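Here chain A shows up in two complexes: once beside chain B, once beside chain C.
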Partner chain A sequence: MSRLDIPPTRSNLLQIRQELQFAREGYEILDKKREVLTSELIRVAHDAEELQTRMRDLMSSAYHILGQARLIMGQENLEWAALAVNKTVDVQIQSRSIMGVSLPRIKARGEPPEMPYSLGNTTAALDEASAAFREVLDNLPELSELVTSVWRLAGELRKTQRRVNALQYIFIPDYEETVAFIESALEEREREETFRLKLLKNRPSNPAQSESA
Partner chain B sequence: MKILVIGHPEAVLGFSLVGVHGQAATSEAEINQALDDALASADVGIILITEDVTRLFEARMGKLQKGGTIPLIVEIPTPQSKHPEQSSLGEMVRQAIGVKV
Partner chain C sequence: MLLTPRGGISGYAYTHARVRAMYSTLLSPHQWAKLYDAADFDILTAMLKETGYAPYIMVRAAGRKPTPRWVIYQTKRRMADAYMTVFRSVPARNYSLLVQLYRRFEIDNLKAVLRGIETGASWDSVLYVLFPLGEATALPARTMLEGGSVPAAIEHLRRTPYYNTLSHALRRYTAEQSLFPLEVALDLSYWRTLWHEVNQLSRQDQAHALPIVGALLDMNNLMWAIRYREYHHLSEEEIINYTLPSGYRVRDEDIRAIAAGADIAQIVTKIYPELANVDALLREPESGLPALELQLQMQLAEQCRRAFIGYPFHIGIPLAYLVLTELESQDLTVIVEAKSAQMPAERFRSQLLMGNIAHP
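The block that comes next holds the complex of A and B.
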């Protein structure tokens, strides 16, 4: 904490007081922003983590099934079958804003074809793998939405937190100290002034006059 | 808009079964190349990147995830990945709020 290096004058006092008032208002607003972001983040983070865990399970089983399909069909046939698939989910991304943070909102349209590859030279294992990945894909828009929201909210929250702390622990105390310093300096000067006046009043005002009296 | 996969060949193959296009990439140069292409295209809405390659360019990843609006960058697991003790998501939240949720 350190006081600002400015001369203690009345006009400076007024200015600093005004700035302090402004800083306090800013602090209040940022503090509210922090609260809103925190509650939003907690809400989203919970869902995101849950979905991420579920997604992990889904994907690890999907990979497992894909591995089995490869064992049965061979890598080459698998890639051939994959080449035949050309229709898929289309996503539409909109955004909503919370306290200036834009959060995505994703809508998925359409879906992959039920039976994209020829049945002749593929196996049931491939169908299973395809179904497993389809389930993964179904959850993807929501996962993307949640995960991205968490990242952005957390980033913004940290930024806000830093600002709130800077105001609360550095800026405002500095200004308060400066205000106190200027006030005491001005009061001191006033007392000096009063004392000087008193002294002048008690002293014989005109030496020549007092001599003649 | 479309979804795009970048990273582990297995993930790329798996997602191609449901019609999601992908770009297999394992080295840093390949990923940056694939990512640049994806970012240049206006039609890509979500980019899925496998966990094994996100470690290669964490700085850029963080910037992309927090920055711009589109495309969204999402991490997905690879066949090898195990359940981590603490996901990067949880870590991020913990850093931001100061408590674990």
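The block that comes next holds the complex of A and C.
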């Protein structure tokens, strides 16, 4: 803790008190923001984790099925079939705000065509792989929305936490100490002034009179 | 000029001798067992050099290691050469059935070109997936692709059997901006023409060709109907539209029943009572369907092998050989992919057709 290096004047006291008040209010607001961000982060992180686990399973299963399709059809035939797919989803990104943090809302539009290829010279394994990856694709916008939200909320929470700490452990104590110092300095000065006035009051008004007496 | 025998017993005698000789170069159970046990892809390639594939595998330039993709491509080249050899030995009047059978690969190439146009793919990437038809194709693939538009590409096909089919389907393509109607039209037209060619054969040839072509057609038609329903969730009307109304063992009412949502296991069991455990297999249709597909292919392979037993002077012999060559190439694809991915044997054994069937 260290007090601010300013002259202990009444005007500085007023100014520092005002700043202390402002810092306390700021602290309260940031503390509330931190609480809201924390609870939102916990909720979103939980959803993201659940979906991520599900996606990991889906992806693992989809790649396994794709491996089977590749085994049966061969890499070349798989690429032949994949030539038919040129369209993927269009992504629309909107945003919503939580305590000033902009969180994305991702909506996928225009699924890939239900029947990109005809069934001639393809196998059921390819259909299965295609269905598995379609399910992955369906969940991808929500996962990216949640993961981005987690990162942004965590980043904002870290910033807020830093600010709260700075206010709580640096600015407010410094201001408090400075206020205390100025107050004590002013009181000291007031006491000195009083003492000096008393001294002046008790001193004889005519020095010549006091000498003759 | 191709020297095509006239037909009859003398014509088929030559065909039979030729095809029998080639049939003997198909991989034997002993060779399958060795390939199956190959420790890795390099050993597998070395083993293939001791089989009928030797001329195709040994052509790799010195110092250039064969890749899985190249090996699979070479097996297809061998298949294409087998077709050419058979074409030269078959009586002229039955030539068109085998040519139609071969058109499947040309249709696949045509689809690749159309897909390439639609996706803006380069010629190299399309060329990469084309079946090696060599000189046996009238498809101006590169010109079509470089034209950059599907209607313009179809115009290049005026002198081919695909023009009418594609130009009829073009309206739907334009409306839906999807290649699916064009591709389905090609598939359906292919099988209709093949069926028509079988029906043009003499009674004796027809009797031998029907079980093989019929098994091929039924397998495709049945699997299409089931896949359209189970994986693609098409409506009843769409399923009926995108499948064939006739077949050998599969009837129109079977396809309609599947389209209407009837129990698949029941219908499959009715059509193929000899198939075991269909109920258990299709309890979970999504994982059971690839297994059902495999069982139907095994039946087809058995059917083809049976063609070599008994009276030999008929179209069934070259037909069966060509189908077996294709199934062998499919099995080799499985083994090559599995060995190159260092897959444990138990993971790919169930996918083998020929490797699991003993020669009669």
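By our rule, the second predicted complex is superposed on the first by the 206 of 213 C-alpha atoms of A that agree within 3 Å, B and C clash if a C-alpha of one lies under 4 Å from a C-alpha of the other, contacts with A are read in each partner's own complex, and residues count from 1 in each chain.
What we mean here is this: contacts are C-beta pairs under 8 Å (C-beta built on N, C-alpha and C of every residue); 3 or more make two chains touch, one makes a residue touch a chain.
None of these values were measured; they are calculated from a predicted model.
When the shared chain is aligned, chain B and chain C each come close enough to touch A:Asn86. Judged by the touch definition given at the top, the superposed model places A:Ala125 against chain C, while chain B stays out of reach. In the superposition on chain A, contact is made by A:Gln68 with chain C only, not with chain B. In the superposed pair of complexes, A:Glu76 makes contact with chain C only, with no contact to chain B. Ranked by how many residues of chain A each touches, chain B and chain C are led by B. In the superposition on chain A, A:Val147 contacts chain B only, with no contact to chain C. In the superposition on chain A, A:Gly155 makes contact with chain B only, not with chain C.
Chain A uses residues 67, 79, 83, 85-86, 113, 116, 130 to touch chain B in one structure and chain C in the other. By the touch criterion stated above, chain C contacts chain A in their complex at residues 68-69, 72-73, 104, 107-108, 111-112, 115-116, 118-121, 125-126, 128-129, 178-180, 183-184, 186-187, 190, 220, 223-224, 226-228, 230-234, 286-287, 289-290, 292-293, 330, 333-334, 336-338, 341, 343, 348, 351. For chain A in complex with chain B, the residues that touch the partner chain are 38, 41-42, 45-46, 48-49, 52-53, 55-56, 59-60, 62-64, 66-67, 78-79, 81-83, 85-93, 95, 102, 104, 106, 112-113, 116, 126, 129-130, 133-134, 136-137, 140-141, 143-145, 147-148, 150-155, 157-158, 161. Of all the residues in chain B, the ones that touch chain A in their complex are 1-3, 10-11, 13-20, 45-46, 48, 65-66, 69-70, 72-79, 81, 83, 87, 89-90, 92-93, 95-97, 101. By the touch criterion stated above, chain A contacts chain C in their complex at residues 67-68, 70-77, 79-80, 83-86, 113-121, 123-125, 127-128, 130-131.
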